[in-house]
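Once you scroll down, you'll see the structures, which are given as structure tokens.
In what comes next, subunit A is part of two complexes: it sits with subunit B in the first one and with subunit C in the second one.
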Partner chain A sequence: MIPSKNFKLYVSILGALAIISTVRLWTDQDALTSSSTIGTALRLTVPILLAGMAGLWAERCGVLNIGIEGMMIFGTWFGAWGAWQFGPWVGLLFAILGGMFGGLVHAVATVRFNIDQVISGVVINLFAFFGVRYLSELVYVGKPGGGISQSPPQKWALPKFNLPILSGGEIAGWKSSDFLGWLESQRWFILGDLGGIGRGLTHSISWATVIAVIVVPVSAWVLWRTRFGLRLRSSGESPVAAESLGVKVNHLRYFGLLISGGLAGLAGGTLSIVASSYYRQGQTAGRGFIGLATMIFGNWRPSGILTGALLFGYAEGIKLVASDSITALFLFIAAIAIVFFVLSIVRRKRSQILVTLVVFILSAVAYRTVSTVPESLTQSLPYVVTLIVLATANQRLRPPAMAGVPFRPGEPH
Partner chain B sequence: MSQNINSQRNFNSMRKSLNTLGSSVSAIILALIICGVLLLVTGKDPFAAYGKILETGLTSDKFLEMLKRATPLIFSAIAVAIGFKMNLFNIGVEGQYLFAALIAAEMGTHVSLPRPLHILFILVVAMISGAAWASVAAFLKIVRGINEVISTIMLNYIALSFIQWLFETFFRDNSDGGLNVKTTKIAPSGRMPDLVHDRLNGMFIIALLVAFLYWIVVFRSRFGFQLRASGLNPIAARTAGIPANRMILIALMLSGAVAGLVAMSAVIGDVYGYGPSAIATQFGFAGISVALLGRNHPLGIIGAAMLFGFLDSTSAELQLSGIPSSIVKVIQAIIVLVVVIVNEASSRRYNRRTAERAALALKSLDI
Partner chain C sequence: MQAGSKKSSQTLSAGSANVVELANISKSFPGVIANRDISLQVARATIHAIVGENGAGKSTLMKILYGLHQPDSGTILVNGVLTQFKSPSEAMDAGIGMVHQHFMLADNLTVLENIILGSEPTKFGVLSLGDARKHVKDLATSIGVEIDLDLPISELGVGQRQRVEILKVLFRGAEILVLDEPTAVLVPQEVDELFANLRKLVANGTTILFISHKLDEVLAISDAITVIRQGSTVATVSPKSVDRLKLAELMVGSDLPSHGKRATKVGEKVQLAARNLTVIAKDRKNPIQDISFEVFESEIVGIAGVDGNGQFELCEALLGLVASQGTIEIGGSDVSDLSIRERLDQGLAYIPFDRHREGLMLAASLWENALLGHEASLSRGPMIDLISAKNSCREIIERFGVMTPNELVPAFVLSGGNQQKLVVGRNLATAPKVLIAAHPTRGIDVGAQAAVWEEIRRSRDAGMSVLLVSADLEEVLGLSDRILVMFDGEISAEIDPKSATPQILGKYMTGTQ
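Up next, the complex of A and B:
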């Protein structure tokens, strides 16, 4: 019997859990799967995830979006302004609108005027960075707590909730049990990790996080299961063929870029409204580019982007919450590598044998010798991982065929 | 007859460059109008702002500052333009020049040489380091086929953290005791002499020299022809026997080498070392703007860099007179966007008109 795809997935998730649980008990680093690490990781995942989805929507309709970072900057500024003036929900709306403005500029420049998509993106990044600085000088300077590089703090925060029964949420005023928290505190093999991860994902969750996570299945459904999505993807794969079948490629690219900008703006909004309570210059800190990296890592697919964003978010989260635990991750990588090493011997894949062995030796040596990983080097992890993925799995990556190629409707091809 | 064709060709090329200049100038004016509207909407008087820019920018005092601010932009724009000429988008100038600045500043403290040699040594180290960092992107493109746009973006961030790590763990000099930490100061023999005391240093001359060399190498040499041919039509170039991979490697390394010089006017002219807060960032991205505005031509780049330097030099006075100084950068970004759009539109119109004229000429031949 050939095991189904889902069965393999469950086995590998369980295997990874078993390994990380063993590593946790071995090294005594409970922070690896504690609910606070996972919770922080989730909060850091959200903007990267949304930025990645922004990249997906743009590239699927055939336009590279280097300007995600700039659109996120618009999102942080306008989101913080809206939240400061009218409250967090309106703030998120303004963040989306701010990002959509960036998307519209990108669309007009690349779709209407056909200029190079990379150039347009780069200019949007510059324009956004200095544009919001100009706006800050006009609006925030002189307000209490505000200045040229930051907004006054917001008065209200978005509500957060805990899931009832599982992680101590309230049902009509009655505080229910915190089952997962109890499970986590027992520190059992695998079950303790499940408790920590589960509680991290369900305890003190902001509604904005829920929205962000919902974006993934909704995007996947719209892009792959609706007529609109098929047409949008076709204008990224083969605009000429799409046009010959009567698809209005340029209209769809406008739509795609508006959605892309809106998602990037929302990503910025979660930074200035959910993750903190004010706008600060440089708040995006290159997350737009991490989002771009995540999109490549995720092979231009929503599920892959979710995986990549969780990975990068987890790496960032563990660095923030428990930087001592990072060395334990080397042991985790070594263990994973040895599993793949054995698998590749069984499957007789020579190229993998060498790679996995090298990874195993490197990470094992790193675990024995490195005591602290310098903060400055861990920052570059998403970028290094993306370059490695690009360099090793380039043949298996499948970007939209015509993303980045200018298209003029009605011209002979 | 041949003379006739020649003069016709000269006339055509002159008309084309006049066209180019005209479209760039009109684009700049259009951008200023858009910016004026932006100023008006945000409650500032555009005439007052532009008046202030002209009033302060046109004093002889500001002339030197303009040249000083233009210097790194010229290097950065030429680095970007070398890539553009081969259809390579080197977004990585940012990482390349910062990496080169740190390495050159550190290496410069470890040698003792007489003055011109010491300066030369530092400049060469900077160029090698910039080229080395750029070659990573070149190898990734040649060996694994990774688009240089993505790889140079990633390498920018990797460079930033790598530099920070190198600086914090090895090169930092704490003896000064101040908050503003730097590498050890470069000895006087390695410092670039000033052209005008404390206002402008010799790197400006080197920038002009590099612009001239760029013109010779890219527009007047065999190598430059191969470079531009690979950019205009890679398939034709390969058919003609131009080695594509070697061209990629050389073009990106040349670009990185010039990028390595971007921060040198600060490293050996002002700061005499490297410090995270002493060396200005963002020149890599500004260089892209300047290259686009100057349309990859050395004279255009120098002119565009002067324009940006001119605008930058007025920011302090603007701030004093109640107009947010960031408007200068906003103007620059809008100028670039409008220029790129106008250039694209005008080149399409030019191509269409050429095609129409050719069709007309063919018709009159009555074939």
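Up next, the complex of A and C:
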């Protein structure tokens, strides 16, 4: 009997858990799967996840969106302004609107005027950077705590919650048990890790995180289960075919880019409203581009993007919470590499054998010899992780066929 | 228009004899009269073929019927109702569906998604995939098509993609199906399957308009044939009352140029030789394996074979576009280690498979296209000699009969046949020693085909060696002095064209021998 896809998935998740648990106990680095690491990772995942989803919506409708970074910048600025003026919820709304403005600019430039999509995106990035600086000069300079490169701090924060029973959430004023926290503190093999991970995902959760996570299944459902979604995807796969069937490709590209911009704006908003309490210049720090990388990593699929974003988030989170633990991660990578090494020998995939062996040796050597990792190297960890995964995953990438190709309706093809 | 289509479906039950009646249709584009006073009656549940040379106006006429163009004058009656379609969707509402020559499919979407796209069954905007699946399955069964609805299009073969196109049109409730050159992309077996499907469709009451210039197929499948020449209807005939030659005469307006036996003799000197030529592929079977052959001076060697059996790789290897093992000789000297440029300088010329992808810059002017590959001889220092370049283009236009107002228009304004004449002319103008001609007449009309053949023959008589790669057996048989059959990356047979028949060739081409 051939094991089902789900069965394989569960086995690999359990395997990875067992490996990381072993590594944790061996190296005594509880931070690897502690609830604080996972919680931080989750918070850091959110903007990347939203940026990746923004990329997904744009490319699925057939337009490259290099401008996600810029749309996120609009999101951070307008979000912070809204939150400063009217509170965090309105702030998030303004963040979305700010991003949508960027998306609309991109749509008008690329769809209406057929400007090269890459150029338009780059221009939006530059325009956003200097545009919000100008706005800051108009609005923030002279206000207490504000200046040309940052906004005054917001008075209110977005509420957070704990899941009742599992992570000590309150039910009508009564503080329920913190089961996962207790499990984590026992440090048992696998169970301790499950406790840490579970508590990290359910403890002190911002509503913005919930919204971001819900975006994933909702996007998947809309794109693959509704008429709007099918037509939008067809605009990215074959606009000529879509047009011949009466689909209004350019309308859909406008919608796709507005949604893309809105999600990018929300991503920016989570940075300036949730992750901090004020707007600061350079707050996005290239996360728009990391979002695009997760979109590629995730093979232009929502679930893949979620996975990729979690990976980035974890790599960044562990760097923040417990940079000492990074050496332990080398051991983890080595262990994963050896598993794939054995698998690739069984499957007789020569290139994989070589890659996994090299990864194994490098990470094993790194674990034995490196005691502290310089800050600049830890910062590149997310990218290293992506490179390794892209090299070994051996997945078949399937980008939308016509993403990036301008479409002029009614022309001979 | 909605009301019109409703009404027409009522008259349908009344059973008017003609489903489509076009009367006195005229349409002109700037500088070209595409259709002139065309009239056409199509009877219900028949296959009505429309034949004509490329550029004769068949496609324009069908686009008018399908709402892609509006006629300058004339009337269209569908099911007896006067109509004027402003867009394809209006035509679709009236039950007219078109299967384009170039498939309009999204490769990454599934078969089902492609079929329902644009007229998706939904509940509150949510796709009713179950209903759609059942409906499509029923349609497929009714015309004898078996297809996995969940496969992405990219995993289907050409024949199956065409079935998807047909299902797509039927799904929209089309009762009148326009097929634009449906067999151009199919191998003989697939043509038979398609014809079987079409016959079932007609039996179910569908009317089919079949555009083609393959006369044998038209004679085999259709109930009536309308011949169009230079934008006007020449005649509507019954396939029983005409034969191939008669039909071709109607189409071209004169007798077909006969193939004629050659007056000159094959030379003694080997001009092109491949010895143990292999192209290595990493993750699949080598596309060509251990191929050896020689082409003598003043000889045409035909490479026959179903597309995808290594012909493409063979041409690319000979030209130097892909790396290969073994030796290649041009004019007696080993060119295996030479670059493409150096090989061309040795007297090699190449008519590529796909004139749009490899042969022309569609948006560039004719003289710029004619210049390609000859920049060195038409330059003064680093500057292009505009006067000579344009003169040389004019010479090609004149000598090869390219129909164009002048040499300054962009290549995309020409019809396929004229584009091909330009490509052929560009390669023959410099009198190369060796010509590799890949599908030199694919998708062009009989007149242009005869002209290209004539030029190749003339150059051959002057001593040029030709490696002719073609899937068109008539072409291979008519031109070649020797025929090599390629199957699965190897040469499976060498055949004397005098004794060969399409049947014999077909066997070797499909590997049944």
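Everything below uses one rule, namely that the second predicted complex is superposed on the first by the 398 of 413 C-alpha atoms of A that agree within 3 Å, B and C clash if a C-alpha of one lies under 4 Å from a C-alpha of the other, contacts with A are read in each partner's own complex, and residues count from 1 in each chain.
The definition used in the following text is that a contact is a pair of C-beta atoms (placed from the backbone, for glycine too) under 8 Å apart; a residue touches a chain by one contact, two chains touch by 3 or more.
Since we're looking at a predicted model, the values are computed, not measured.
K.L.:
Given the touch rule stated above, what does A:G286 touch, subunit B (first), subunit C (second), both, or neither?
P.N.:
It touches subunit B, and subunit C stays clear.
K.L.:
Which partner does A:I333 reach: the first (subunit B), the second (subunit C), both, or neither?
P.N.:
Neither subunit B nor subunit C is touched by A:I333.
K.L.:
Figure out whether A:N114 sits in contact with subunit B (first) or subunit C (second), or with both, or with neither.
P.N.:
Touch status of A:N114: first partner only.
K.L.:
Looking at A:S238 after the superposition, I want to know if it touches subunit B, subunit C, both of them or none. Which is it: first, second, both, neither?
P.N.:
A:S238 contacts subunit C only, not subunit B.
K.L.:
After the superposition on A, what does A:V247 contact: first (subunit B), second (subunit C), both or neither?
P.N.:
In the superposition, A:V247 contacts subunit C only.
K.L.:
Look at A:A95 in the shared chain and tell me whether it touches subunit B only, subunit C only, both, or neither; answer first, second, both or neither.
P.N.:
A:A95 contacts neither subunit B nor subunit C.
K.L.:
With both structures superposed, pick whichever of subunit B and subunit C touches the larger number of subunit A residues.
P.N.:
The partner with more contacted residues on subunit A is B.
K.L.:
Applying the document's definition of touch, where does A:F228 land relative to subunit B and subunit C: first, second, both, or neither?
P.N.:
second
K.L.:
For a test of understanding, state which residues of subunit C touch subunit A in their complex under the given definition.
P.N.:
87-89, 92, 100, 102-109, 113-114, 116-120, 122, 125-127, 129, 168, 412
K.L.:
Could you list, by residue number, the parts of subunit B that touch subunit A in their complex?
P.N.:
Going by the criterion above, the answer is residues 42-43, 89, 91, 140, 143-146, 149-151, 153-155, 157-158, 160-162, 164-165, 168-169, 285-286, 288-289, 292, 324-327, 329-330, 332-334, 336-337, 340-341, 344-345, 348.
K.L.:
Using the touch rule from the top, collect the residues of subunit A that touch subunit C in their complex.
P.N.:
225-228, 230-231, 233-234, 237-238, 240-242, 244-247, 398, 400-401, 412-413
K.L.:
In the complex formed with subunit B, which residues of subunit A make contact?
P.N.:
Going through subunit A, the ones touching subunit B are 64, 66, 105, 109, 113-116, 118-120, 122-123, 125-127, 129-131, 133-135, 137-138, 286, 289, 292-293, 296, 374, 376-380, 383-384, 386-387, 390-391, 394.
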